[in-house]
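In what follows, structures are represented as structure tokens.
Here come two complexes built around chain A, the first alongside chain B, the second alongside chain C.
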Partner chain A sequence: MKRAIVIAAALVFGGLLINAIVDLPSSPVNLRIAVADNMAKSGVSHPVTAVLLNFRGYDTLLEIAVLLLALIGLMAAGPMLPPPPNQPADAMLQKLARIATPPVIVVGGYLLWAGAFRPGGAFQAGAVLAAAMVLLHLSGLLSAWNAQLLPLARRVILVGGFVLFLCVSVALLAAGSLLQYPPEQAGLLILLIESGLTLSLAAILAGLFLFLSRDNGGAP
Partner chain B sequence: MSSELLFAVVGALIFTLGVAGTILVANLLRRILAFNLMGSGAFLVLVGLAQRGGESDPVPHAMVLTGIVVAVAATALALALLRKQHEVKDSEEELTEIDDG
Partner chain C sequence: MSAALAFDLLLSTALVWSAWRTITANRLDQAVVMFIVFGLLMTLAWCRLRAPDIALAEAAIGAGLTGALLLDALGALRKAKTARRRQ
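Showing the complex of A and B:
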């Protein structure tokens, strides 16, 4: 009975939603033109990167803070059970993972650099690097992370991107308003922030997987 | 129907599926998946509507990029909490068995 009511309500809701989308009036504010007019001041030539790191930099600052918060929550929920006994990983898989990792790091670096003028940027680069770490973990070359025994260097990388971004915004606050880059240095500042974000994002996204994993891999 | 409108309409359908799933499914893992489906639908609506009028608007694209990363983090946190709940439940059951025996 509940099922039928929910399905009927969902159908009505979906119909209303689609109706609203089809009849949507055109937006009174055209943000595309506003972005295009200010591209010269943004320090980069790709509009999505300009929005993410310059025009709406505040969102990105809060986003990395939310990611860090999710990771800390995940670490606090930590594992209770001991890890299962190690299983030897497939030798072929290990070999392939070893071969794949260096090109993946190069691709990550390229994506970070390309973000200034074409689709790419810190998030894509961080996701690619995190994928490489997950691959290494799944093939038994990288052990799972333990929230209780986290080396200082790893902690610094995890929070580094956020702290760097925060420091830049505070420094800019002293010069004027929050996250308003001077147009001459905007490109350099964005590259600096994005480099920090890439490393932190890679570590955080990989950590979301590696802290949850109980598999200790083949590593000691 | 233009392609950008098709994206948005399919996004709305996926969102509706996610809403129905979140309400109907009892299993928590599946409920997390259904909730993710809602997010994917919303992203598709944003990306589709961003392309209205020929040229694409970069602001919704940047929002979706931000949203995807936050959704991944939120899902991982939800999974961690789900696993903790399983572990707590299992250890409680073991304790009751010992008490009964």
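Showing the complex of A and C:
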């Protein structure tokens, strides 16, 4: 009986949601045309990157801030015990991780570079690099991170992307308005910001795994 | 019925099915594996919707990193359970 009521309520709610989406009024501004008209000023030729890093750069700035905040929260509230010493995993797994890592780094770099003119960009590149770090950790080649004993260099990489992005926005704010790139330098600025974001995102996403991991490599 | 439509129907059915299996699986390891399957199917769905940017992010973050994190949590849970049994 209870189950039937829950299912009926879920169906009604789902129907209402579908109805709401179908009934959405058409947007007064056609964003597709607005973006296409301003592509020449954006500094890149891929519309998604143009929107993420130029037209709506503010959103991306806040996104990286939120991710960084999540990681800082995890570092503050995460496990206090130091991670167990790393034990080497299966030799085969280690060999595979060693072979796979260099191409993965190249793929990350390519995705970052490709973001300017085709699907790709900082988030994807950062996630691929982070996946390589997780792979290295799981095969026992990279030890888990300890929030108390994190070397300065890693801390700098963690916050670097956000700080760089913030510095660029402040500099642009001083020159005119927030995150409005001059069209001549837009491409270069976007590449600079995306490079910083890639490194920081790789460290942050890997950190979400490496700070929490209590897995001592592949040891049983 | 065209091949593309047949594929889309199959894909959407598989998506709903894997989502349902993820939340109703009896064992945690099954749920985690079904979640990864769901992420990969979602990647295909974004490709079909011609959103390769989101597909890339979904494959790398949704299926890859989240899947690895969930599997690691599963391993930690299992280790804690065996440690408790030994005591």
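In the analysis below, the second predicted complex is superposed on the first by the 197 of 220 C-alpha atoms of A that agree within 3 Å, B and C clash if a C-alpha of one lies under 4 Å from a C-alpha of the other, contacts with A are read in each partner's own complex, and residues count from 1 in each chain.
Here is the rule we use: a residue touches a chain if its C-beta (ideal position, glycine included) is under 8 Å from a C-beta of that chain, and two chains touch if they have at least 3 such contacts.
All of these numbers come straight from a predicted model, not from anything done at the bench.
J.: Is this a clash or a fit when chain B and chain C both end up on chain A?
T.: fit
J.: Where does A:8 make contact in the superposed view: on chain B (first), on chain C (second), on both, or on neither?
T.: neither
J.: Give the angle at the C-alpha centre of chain A formed by the C-alpha centres of chain B and chain C in the superposed arrangement, rounded to the nearest 10 degrees.
T.: Result: 40 degrees, to the nearest ten.
J.: Touch test for A:123: chain B only (first), chain C only (second), both, or neither?
T.: Touch status of A:123: both partners.
J.: Please work out whether A:48 is in contact with chain B alone, chain C alone, both, or neither, and reply first, second, both or neither.
T.: A:48 sits against chain B and chain C alike.
J.: Between chain B (first) and chain C (second), which, if any, makes contact with A:138: first, second, both or neither?
T.: Only chain C is touched by A:138; chain B is not.
J.: Counting touched residues of chain A, say whether chain B or chain C comes out ahead.
T.: The partner with more contacted residues on chain A is B.
J.: Just checking: does A:156 make contact with chain B only, chain C only, both, or neither of them? Give me first, second, both or neither.
T.: neither
J.: Is A:65 contacted by the first partner chain B, the second partner chain C, both or neither?
T.: A:65 contacts neither chain B nor chain C.
J.: Using the touch definition from the top, say if A:213 reaches chain B (first), chain C (second), both or neither.
T.: second
J.: One more residue to check, A:205. First (chain B), second (chain C), both or neither?
T.: both
J.: Minimum C-alpha distance between chain B and chain C after superposition, to be given in whole Å.
T.: Nearest C-alpha atoms of the two chains are 5 Å apart.
J.: On chain A, which stretch or stretches are contacted by chain B in one complex as well as by chain C in the other?
T.: 48, 123, 127, 205, 208-209, 212
J.: Considering the complex alone, what residue numbers of chain A touch chain C?
T.: Per the touch definition, chain A meets chain C at residues 48, 111, 119-121, 123-124, 127-128, 130-131, 134, 138, 205, 208-209, 212-215.
J.: Under the touch definition given earlier, write down the residues of chain A that touch chain B in their complex.
T.: Touching chain B: residues 2-3, 6-7, 10-11, 13-14, 17-18, 21-22, 24, 26, 30-32, 35, 47-48, 50-52, 55-56, 59-60, 63, 66-67, 70-71, 73-74, 77, 79-81, 123, 127, 201, 204-205, 208-209, 211-212 of chain A.
J.: Which bits of chain B are touching chain A when the two form their complex?
T.: Touch residues, chain B against chain A: 5, 8-9, 12-13, 15-17, 19-20, 23-24, 45, 49, 52-53, 55-59, 61-63, 65-66, 69-70, 72-74, 76-77, 79-81, 83-84, 87-88, 91.
J.: For the complex, give me every residue of chain C touching chain A.
T.: So the residues of chain C touching chain A come out as 52-53, 55-57, 60-61, 64-65, 68-69, 72-73, 75-76, 79.
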